[in-house]
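Each of the next two complexes has subunit A plus one more chain, namely subunit B in the first and subunit C in the second.
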Partner chain A sequence: MKPTKSDRKVLIAFLAPAVALVVLFFVIPVIYVAVVSLLKWNGLTSAEFKGIDNFVALFKDKAFLRSILNNVIWAATAAAIQVPLAMLMAIILSRKPKGWKFFRTVYFFPQVISGIALATMWRHIYNAESGLLNGLLRLVGLGHLATDWLGGMDTALPSVLIYWVFYVGYYMVIMMADITTIDESYYEAATLDGATPFQQAIHITIPLIKGTSLLTCVTLASVMGLRQFEQVYLLTNGQPANTTSTIVLYLYKQMQTGNYGRSSAAAIVLIIVGALFIVTIRKLFEDHKKDPKRVIEKEAK
Partner chain B sequence: MASMTKRLDKSGQIKDTILGIGKWILIVFFAAYTLLPLIWLTISSFKTNFEVLAKSPFALPEVWQFKNYHNALTVAGLGRMMLNSVFVGVTSTVINVLVASLAAYTISRFKFKGKEKLFLLFTVGILVPLNALMVPYFLIISKMGLYNTYAGMIILYTAIGIPMSTVIIRGLMDSIPMEIEEAAYIDGCGSFGRFIHVILPLARTGIVTAATFQFLTCWNEFVFANLIVSSDKLRTIQVGIRYFTNQFSTDYVSMYAAIVISIVPSILGYVIFQEQIISGMTSGAVKG
Partner chain C sequence: MKNMKKLLALVLALLMVVSMAACGAKKEESKEIVINFPCIWVGTDAKAPYMAKLVEEFNAANAGSIKVVIEEQTDYQAYRDKIRTLITTGNAPDIFSVDNPQELANFSATGKLMDFTSALEGDWKATFNDGCIDPYIYENGQINFLPFESAVIPLVYNTELLAEVGYNEFPATYSEMMEMFAKLKEAGYNACGQMAAENAWSSMLWYSQLVASIGGPDVYKNGLEDPAFVQAAEVLREMYNYTFDGAVSAAAADVNGHFIARDTAVYINGCWWIGNFYKEENAVDGKLLADVVDVTGAPTWEGGKGEGAVVTQAQAFLCAAKQDDPAKEAAIIKFLQYITEPTRISEWEASSGSMFFIEHEPAADLKEISKKFAAVSNEANFTVYTFAQSVPLAVTNELPAAVSALANDVVDAQGFVDMLIAARDNA
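Coming up: the complex of A and B.
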């Protein structure tokens, strides 16, 4: 529909609030962070232009380098373990075994519970004295393995990382929605040819979701891995000795100490690394995208 | 020959059985992994601190301590925090969905210059790591004089959800046939009238999806609530839990009770609005 003249004013009025909010809370902050990353500034006294000094300082800071490494490990773990597990469960549940709706509901729970509640719960599961994990180990006679999971130099990072990996519900649901759009006749033909469910998954399901929901999930998992904050903030606050720090935790701590320039520089690194991740993953999956047999309706239902 | 096919059938059957068992082991494992810690937490929230610290984590409480819940609600002021969360969540959801619907409507229904570029801005917004914007958010909210106010939280929550809500609602509005609106147009209905009387009712599933997603985001949000609010009167439930971990550093059971209280509405709401939440979270994801 072409807007008439009177419509035009209405249209501007309709769009204005949303555009204003997006400009104020997305466009300006990103520009702002970019500018402040070049300053020495504590938010109170007048700022001093420092060029790329903040970035140089960042990449000389072992705590920051460790944070980037942790984020990359985090993203890789999510993409290489969590997403494949989710895919496996999506394939299994989309064949609608008994009670599949119940299981889908349960698997999704961690997604609706706040990160804070989950992290606090897990801090107590990992607790050295009263925690569930050590209790479980003692129960099955592996008491000698019981340890202070979040306090140990070697155990802290894996502990913070791993508990989230087995929460597969989110990615599973995304892939299930995709799998249900696959034409039934493919499977019927395959069954007639004597293909087992396993073969069908390998040769039909996985190739067909590769360029769509699987790509989405790998992208999401990596991007979320890069953004980790709440979990580490609550579980370990980056300790022991920064072994569990992340980029966002780092920039948060820099901000708390009034080092706005360096905090903003870390934010810029995060935004750039995130964009690189998204572009790279898209490229990696591109070959699989050109499947003429299938165009998935991606619109929200 | 006949015996051979039979044998083959048999080995096929064995394979099927193994696959079947493996499948159920996985299904049950993931369910147990999600549920058992929650059950453990809930049962522990009814114990005494002595039982938690000195007895087996698998034992049931000797006497079910309902007073832990009383503690969490009164001593820590959990009730107030829940009300804060509901107030901030509902208000920002209503404003967010209204603003996003208006924008989605114009983008979906009208041709104008730069329309798709504008929409691209919204979709890119979904991908921006908001946590990286803590410094500017803190300063913008402070400069607006909204530090430590409900209004500050409401405007920030409304804003950060705009890209996602607009994308979800536009997706639905695109699927409403033009003819319906044209009929109303011929009947002399203006843009605003058409928006209210024709489009909004037809787009309600998309709006409910966006609203559910937005509310859940607000309810669970911690980082910014922690950043722009300092007074305990304004604290939301998530920030509250963070403070319990300090306040109740020795009183584990009250803290467990507090966490359970914060989780229950999320789970209940999810079970009721399951379809909306799942379609909201997945459609946003597929778009992103």
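Coming up: the complex of A and C.
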């Protein structure tokens, strides 16, 4: 049915506040950042137009290139490891095994703890001299593996990534909520056909959440990975030798030195990288049909 | 009924009078000038107790007319970011401090800071050390920055640990010091504290000392291309062999902790740390840290240009926001004059160990370590600012990356300096 004139007015009235907020807090700031990215400006004195000089300088800076690579690693790790782990936990817990409520709470609990507290705790765990990790290694006779986890060139990035990867509670809860909406009859039919729980997960659960919560979680996790700042800032501040730096940390440091133009240029690159990532993720998931029956039929074939 | 109405009218009239009087009182109250002061000298800072005392006393003495409100800031980097952002957005706090001379010219150029020129025309200027204000007057010709806290950064060593490896005096040259470092390491001690996390503070101070000893007083005028920077980096790399495990990811607290725990022999930091030498909580077996340490200037670099170099730092400049209200400007100046009054500075020095750009009589009860720090400063052939205060901000910010790359052998000494040069040129 075609909306009437009064329908349109109502639609506009409902949409206007949201659109106004998006324009005010997203569109205008992005335009502002884009303009500043073309300037040499320290935020205090008058600015000088420099064209694309800031972008050229960015791509000549090894620290920035490393930051882009690290962001891609963060986002890919989130999509390829963190979300599948969360999905695994969601599938297991949604079958409501004994103590599932306890485990659901335990996995979600880190989400309500401040990132600063978590990072501080992990700094202590990774401490080369008195850290829990090296202590455990020494205890089990693997003292030769003890190292300066956050200071080593090969260990710093994996150390920062690993602790973050295991915080799956947020995505797990989203997927659990989705899994509970799947019609029980699919599972009953599959059980009658002799499908194991593993086969049911592969052929029923995953296909049915793929286009909804799984896509949402992969997108969210990738975006979280791309805008990574707190963990890196608090654990390594991008070191050693900028090997753990991220784009947001890089742009923050540029702001600290009063290089607002370069900082804004980095932000524009981040927006472009983020957009590319989201488009790619949606492409990867787009062949999927949301109609459960078609999904099940497709899986059956 | 009529009487009732009269009574009601009377009550209402009374209420109106009382509420109007209350409004009047409120208006009276609002005449109090409130001065906002985001302050870094709070919490565990050695200057915090005396700062709090000064504010309390000032507010009591000016009750009803001026009130200084301290906004506690405990993190230096967060404080720097906050001040910069507030100035950028035209909301400079009424009073604040800046610890980074590289920022001063830009801050001054905003025109948003108070000009102290007329306030200093009286006796107040004489309280500041001769010539310490003029270097910080920029293009607008205004006095926007009052040099307040200074710092000398000598070496402090644990006499007991040195004695264990056969040293009753601190080595006179760097090569002798490195020999001693090797002996200390062999004896199971950390010879020195290094760190590459955060702002690589301790390594930056060691590097500052080395650069000054090798390159002399004009080393920074020659730029990072001066060979002293590479030579100093070579020694800094060697020092990482004699520090504790995990120094690359270590923070200042780790370096301090090792020295307090008596397992690091030589420590470098500024006089603002003196209070910690006397803290009971840092005592081991009933001995204060002050009982087991001595203070010395830098060793000599054979063939270097900087014999007798001492590293210093302009630790804090007092600043204020430009005011439209002359009464508020006067109140701010009154408070700044109050806290920079020489007798108070003497007391502040005695209680915290900090040093100031204010002329004052040394306190009678000045702590022994403070006297030794002052002696190192007095005996210096020349003083030079820390590396962090002598190079552009972009280089300072790149230092942790360069130090961690050097310590991990990703780059050699030349590569270390190249990283700093690239940061400078790419800024």
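Here, the second predicted complex is superposed on the first by the 263 of 301 C-alpha atoms of A that agree within 3 Å, B and C clash if a C-alpha of one lies under 4 Å from a C-alpha of the other, contacts with A are read in each partner's own complex, and residues count from 1 in each chain.
In this text, a residue touches a chain if its C-beta (ideal position, glycine included) is under 8 Å from a C-beta of that chain, and two chains touch if they have at least 3 such contacts.
Only a predicted model underlies this, so the values are computations on that prediction, with no experimental measurement involved.
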First, second, both or neither for A:129, with subunit B first and subunit C second: both
Touched partner set for A:116, first subunit B, second subunit C, both or neither: first
First (subunit B), second (subunit C), both or neither touched by A:107: first
First (subunit B), second (subunit C), both or neither touched by A:43: both
First (subunit B), second (subunit C), both or neither touched by A:285: neither
Per-residue contact with subunit A, leading partner among subunit C and subunit B: B
First (subunit B), second (subunit C), both or neither touched by A:14: first
Touched partner set for A:153, first subunit B, second subunit C, both or neither: second
First (subunit B), second (subunit C), both or neither touched by A:241: second
Contacts of A:28 with subunit B and subunit C, given as first, second, both or neither: first
Touching both subunit C and subunit B, counted on subunit A across the two superposed complexes: 43, 129
Interfacial residue positions of subunit C with respect to subunit A in the complex: 77, 80-81, 84, 87-88, 103, 106-107, 109-110, 196-198, 244-250, 392-394, 397, 400-402, 404-405, 407-408, 410-411, 426-427
In the complex with subunit A, residue positions of subunit B that touch it: 15, 19, 23-24, 26-27, 30-31, 33-35, 37-38, 40-41, 44, 52-53, 56-58, 99-100, 102-103, 105-107, 109-112, 118, 121-122, 125, 127-129, 131-140, 155-156, 158-160, 162-163, 166-168, 171-172, 174-175, 178, 181-182, 185, 190-192, 195, 205-206, 209, 216, 219-220, 222-223, 238, 241-242, 245, 252, 255-256, 259, 262-263, 266-267, 269-271, 274, 277-288
Subunit C-touching residues of subunit A, taken from the complex the two chains share: 42-45, 57, 60-61, 63, 126-129, 148-153, 156, 236-242, 253, 256-259
Interface residues, subunit A side, partner subunit B - complex: 1-3, 6-7, 10-11, 14-15, 17-19, 21-22, 24-30, 32-33, 36, 43, 88-89, 92-93, 97, 103, 105-117, 120-125, 129-132, 135-136, 139, 166-170, 173-174, 177, 196-198, 212-213, 216-217, 219-220, 223, 226-227, 229-230, 234, 248, 251-252, 255, 260, 263-264, 266-268, 270-271, 274, 278, 298-301
